[in-house]
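Down below are the structures I want you to see.
Note that chain A is present in both complexes that follow, paired respectively with chain B and with chain C.
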Partner chain A sequence: MSLQGIGFLFQCYLVLAAAMYFDLGEQEQKCIIEEIPEDMLVTGYFLLEPWEMNALSHSPHLGVTVTVRDPNHEVLMSKRYGKFSKFTFTSHASGQHYLCFQTNSTRFSVFAGERLKLHLDVQMGEHSIDPVPDKTKDNMKNLENSLRHLVDQMIFITRQQEYQREKEEVFRQIGDNTNSKVLWWAMVQTSVLLTVGFWQMKRLKDFFIAKKLV
Partner chain B sequence: MGCEWRMMSAGLCLLTSLILTVDLTLGFGPNKDMQFTFLLSAGSTECFYQTTARSDSMEVGYQVIAGSGLDVGFALISPTGYRLVSDFRRSDGIHMVDSTEDGDYRLCFDNSFSKLSEKMVFFEVNINSESSSVGGSNEWENMAITESMGEYNMEDIRAQMDSVYQHLERSRQILAVLRALEARDRYLLEDNLWRVSFWSCLSLLVMLFVAVTQIYTLKRLFADTKRVCT
Partner chain C sequence: MYGSFRLVLQVLSAQLLCVWVLGSELTFELPDNAKQCFYEDITIGTKCTLEFQVVTGGHYDVDCRLEDPEGTTLYKETKKQYDSFTFTAAKNGTYKFCFSNEFSTFTHKTVYFDFQVGDDPPLFPNENRVTALTQMESACVSIHEALKSVIDYQTHFRLREAQGRSRAEDLNTRVAFWSIGEALILLVVSISQVVLLRSFFSDRKTTTTRVGS
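Coming up: the complex of A and B.
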């Protein structure tokens, strides 16, 4: 593995250690929901640690199974990783994706109540990986990298806003549907009420005439 | 001798990158922002933990997107175990911690009062590091500040780009909150549509049933007793 790769991974490790974490029991699955537009690259970094830092974990081979489901609840990706890794996937449909994490140790553990910490950081959009910032590098290179970061951010924001516009379109359609459904059902109920009223009167009249009551 | 020299410089390179990383996040800039949406099942509690350094400022916001009642209980517990915020059954909330302690803050969402409905909760945590906001981006540190390209000063360019980056980050956060609000409204509207259809259909069936029952009850009244009024 190249030096830059190692350096980058170590950067990720340090950043993740300060990221948000939640507790995960062994064999327990927890899911995160992300609203993702289509054709977007999503990168997730995670780090699995035992709850007590100095406690000896009796299942040293910790692993995480990451399952990604698309809005139709079909499995988009399901892979097994080690303690610390990153996963990427590209969404094909726009909507709510479910990222589920489940721990499994390779050894059968009798103590099923052990808690684990899962640090998680999910990033959306393509991020140009800046190489190791070298002090001897050209200032223009640094400037170029920073500008590239900004451009990535702006592209991401534009993409999100387009997606937001699509969803507002759907929202407005649902509102229109509701409105027309209310009107339609009210008309149907009124006409059924009138019809049934006339039918009742007619049947009763015929009945009373037949029974010679009127 | 050449091999050794190369390894040493590579090691130096790695060390440099490590030193820079301690202040850098994966982007550049001192702020961190985390947002998650998750499903909170009925009758359960979920806790999330966030590590902070001393005297950072932290902002926590949450919004319930789906679930009947649209409310959830929230608690924010400091690393020393002191309960800072305790919301009971609110649909949204924003809380700020001005000067954080060193350690892990606990954010707990509580749905134990609801036996049947699960809630979808969106929450975000923004951390502004006081310590590095003065220093700024370290990768520009060693640049000669007096270096200028024509009329423009490198310092100016750096300040402008930092400012643009901060604004774009803020835009992203606001977009995420708006996204959550829109999702909540959309779920509500879909529920409304389903409810309108269901109850209209039901009331129509009840009307027809009552109409037919009325006729046949009346008929049976007269048929049973066979009373004829002459």
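Coming up: the complex of A and C.
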């Protein structure tokens, strides 16, 4: 099991090295936004490398602090990892979560302007692709595994659809709210206009009568 | 020896399955006057697709630019709300794509992009096949394809809904502020009208009396 685990992590490293990356300065924080429904397990893999591949590693103690905020901007998770790692968290509320990455090194940097690249991959849900599709086992096992993967995919889709339904209801309520606000304010403004108009005429009439001009 | 061979086989086959990692989608916030670039190493001959959509902010548009390893611009558009661009990599190396909000002075934009490199791996890898797919397996494959397109449509729908909701929220707050502001202005203007008129007539009264006496 441990060998398989190491093998899985190793090939994730290889694949992540070929994945998309973006630049990150030292001590700089960059965030990505993920719409996550509640009770969803989110797994993220990241790899931090110096910008120039052949530059000597000045700061061998590179690390990444991963901070996850939930839709209410409260910190859900904040942990420090090494250069290459995987992090997981489960969302408790549904909404926009902010995953922020900040590099820090243990040595106080002389090279504060050094650019680093951060490879990132974030996966949602537990798509259990068995990393060991051993061909020596019979086809039924493979079929079972594929079916399990399909079932996981369908559960993921259903979860997302339910979340979508909730959001749509919020959207509809905002629309209704705006509608009633417009109606209410239009009535208020018309009544203010009329009241003020009558008040003006009355004051001026009283004023002119008092001044004996009318 | 057999154990290590098995390990290598597992690593390779797991790599095949995890090739789906090479399709990356992200949502990030682009502050005003900022530019954010992403890089990807692509081998020659791979078919890639870049798709982006602006979710919230301002006029919901952004500049996008895609360059190949030698700096030649493959795709450049200004002030686009959403677009999709497919290309086949003609060179090996690091491709770079950038989103720019430099034309905007004070609106933050949230941008979603999806960069697919290569095709998705098949459900049943063809590497070690000795027979054709059975009916069960082909049924699984077609279900898998259908589910992938469902997920794709869901993402598009989610983005559209987020965009619509952000506009609705903006409208809501704007209506509230505008209405309150207008009511206040109405009151202020009407009271000052009365005060001004009264001040006109008070002055004239004094002048007439002075002339009279």
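Methods note: the second predicted complex is superposed on the first by the 211 of 214 C-alpha atoms of A that agree within 3 Å, B and C clash if a C-alpha of one lies under 4 Å from a C-alpha of the other, contacts with A are read in each partner's own complex, and residues count from 1 in each chain.
Simple rule for what comes next: contacts are C-beta pairs under 8 Å (C-beta built on N, C-alpha and C of every residue); 3 or more make two chains touch, one makes a residue touch a chain.
If you're wondering where the values come from, they're calculated on a predicted model, not measured in any experiment.
*Asks:* After the overlay on chain A, what do you see for chain B versus chain C, clash or fit?
*Replies:* Overlaying the two complexes on chain A (C-alpha atoms) leaves chain C and chain B clashing.
*Asks:* Quick check for you: in the superposed arrangement, does A:159 touch first (chain B), second (chain C), both or neither?
*Replies:* After superposition on chain A, A:159 lies in contact with neither partner.
*Asks:* Touching A:86 in the superposition: chain B (first), chain C (second), both, neither?
*Replies:* neither
*Asks:* Kindly list the residues of chain A that each of chain B and chain C touches, one partner per complex.
*Replies:* On chain A, the overlap between the chain B and chain C contacts is residues 3, 7, 10-12, 14-15, 18-23, 30-35, 117, 121, 123, 132-135, 139, 142-143, 146-147, 149-150, 153-154, 156-157, 160-161, 164, 167-168, 170-171, 174-175, 177-178, 181-182, 185, 188-189, 192-193, 196, 199-200, 203-204, 207, 211, 213.
*Asks:* Please give the residue numbers of chain A that touch chain C in the complex, ascending.
*Replies:* These residues of chain A touch chain C: 3-4, 7-8, 10-12, 14-16, 18-23, 30-35, 45, 117, 120-123, 129, 131-135, 139, 142-143, 146-147, 149-150, 153-154, 156-157, 160-161, 164, 167-168, 170-171, 174-175, 177-178, 181-182, 185, 188-189, 192-193, 196-197, 199-200, 203-204, 207-208, 211, 213.
*Asks:* Where on chain C is chain A touching in the complex?
*Replies:* On the chain C side, the touching residues are 6-7, 9-15, 17-19, 21-22, 24, 26-29, 36-41, 110, 115, 123-125, 128, 134, 136-137, 140, 143-144, 147, 150-151, 154, 157-158, 161-162, 164-165, 168-169, 171-172, 175-176, 179, 182-183, 186-187, 190, 193-194, 197-198, 201, 205.
*Asks:* What residues of chain B sit close enough to touch chain A in their complex?
*Replies:* 10, 13-14, 16-18, 20-22, 24-28, 32, 34, 36-39, 46-51, 120, 125, 139-140, 142-143, 147, 154, 157, 161, 164-165, 168-169, 171-172, 175, 178-179, 182-183, 185-186, 189-190, 192-193, 196-197, 200-201, 203-204, 207-208, 211, 214-215, 218-219, 222, 228-229
*Asks:* Quick one: in the complex, what on chain A touches chain B?
*Replies:* Contact set of chain A toward chain B: 3, 6-7, 10-12, 14-15, 17-23, 30-35, 117, 121, 123, 127, 132-135, 139, 142-143, 146-147, 149-150, 153-154, 156-157, 160-161, 164, 167-168, 170-171, 174-175, 177-178, 181-182, 185-186, 188-189, 192-193, 196, 199-200, 203-204, 207, 211-213.
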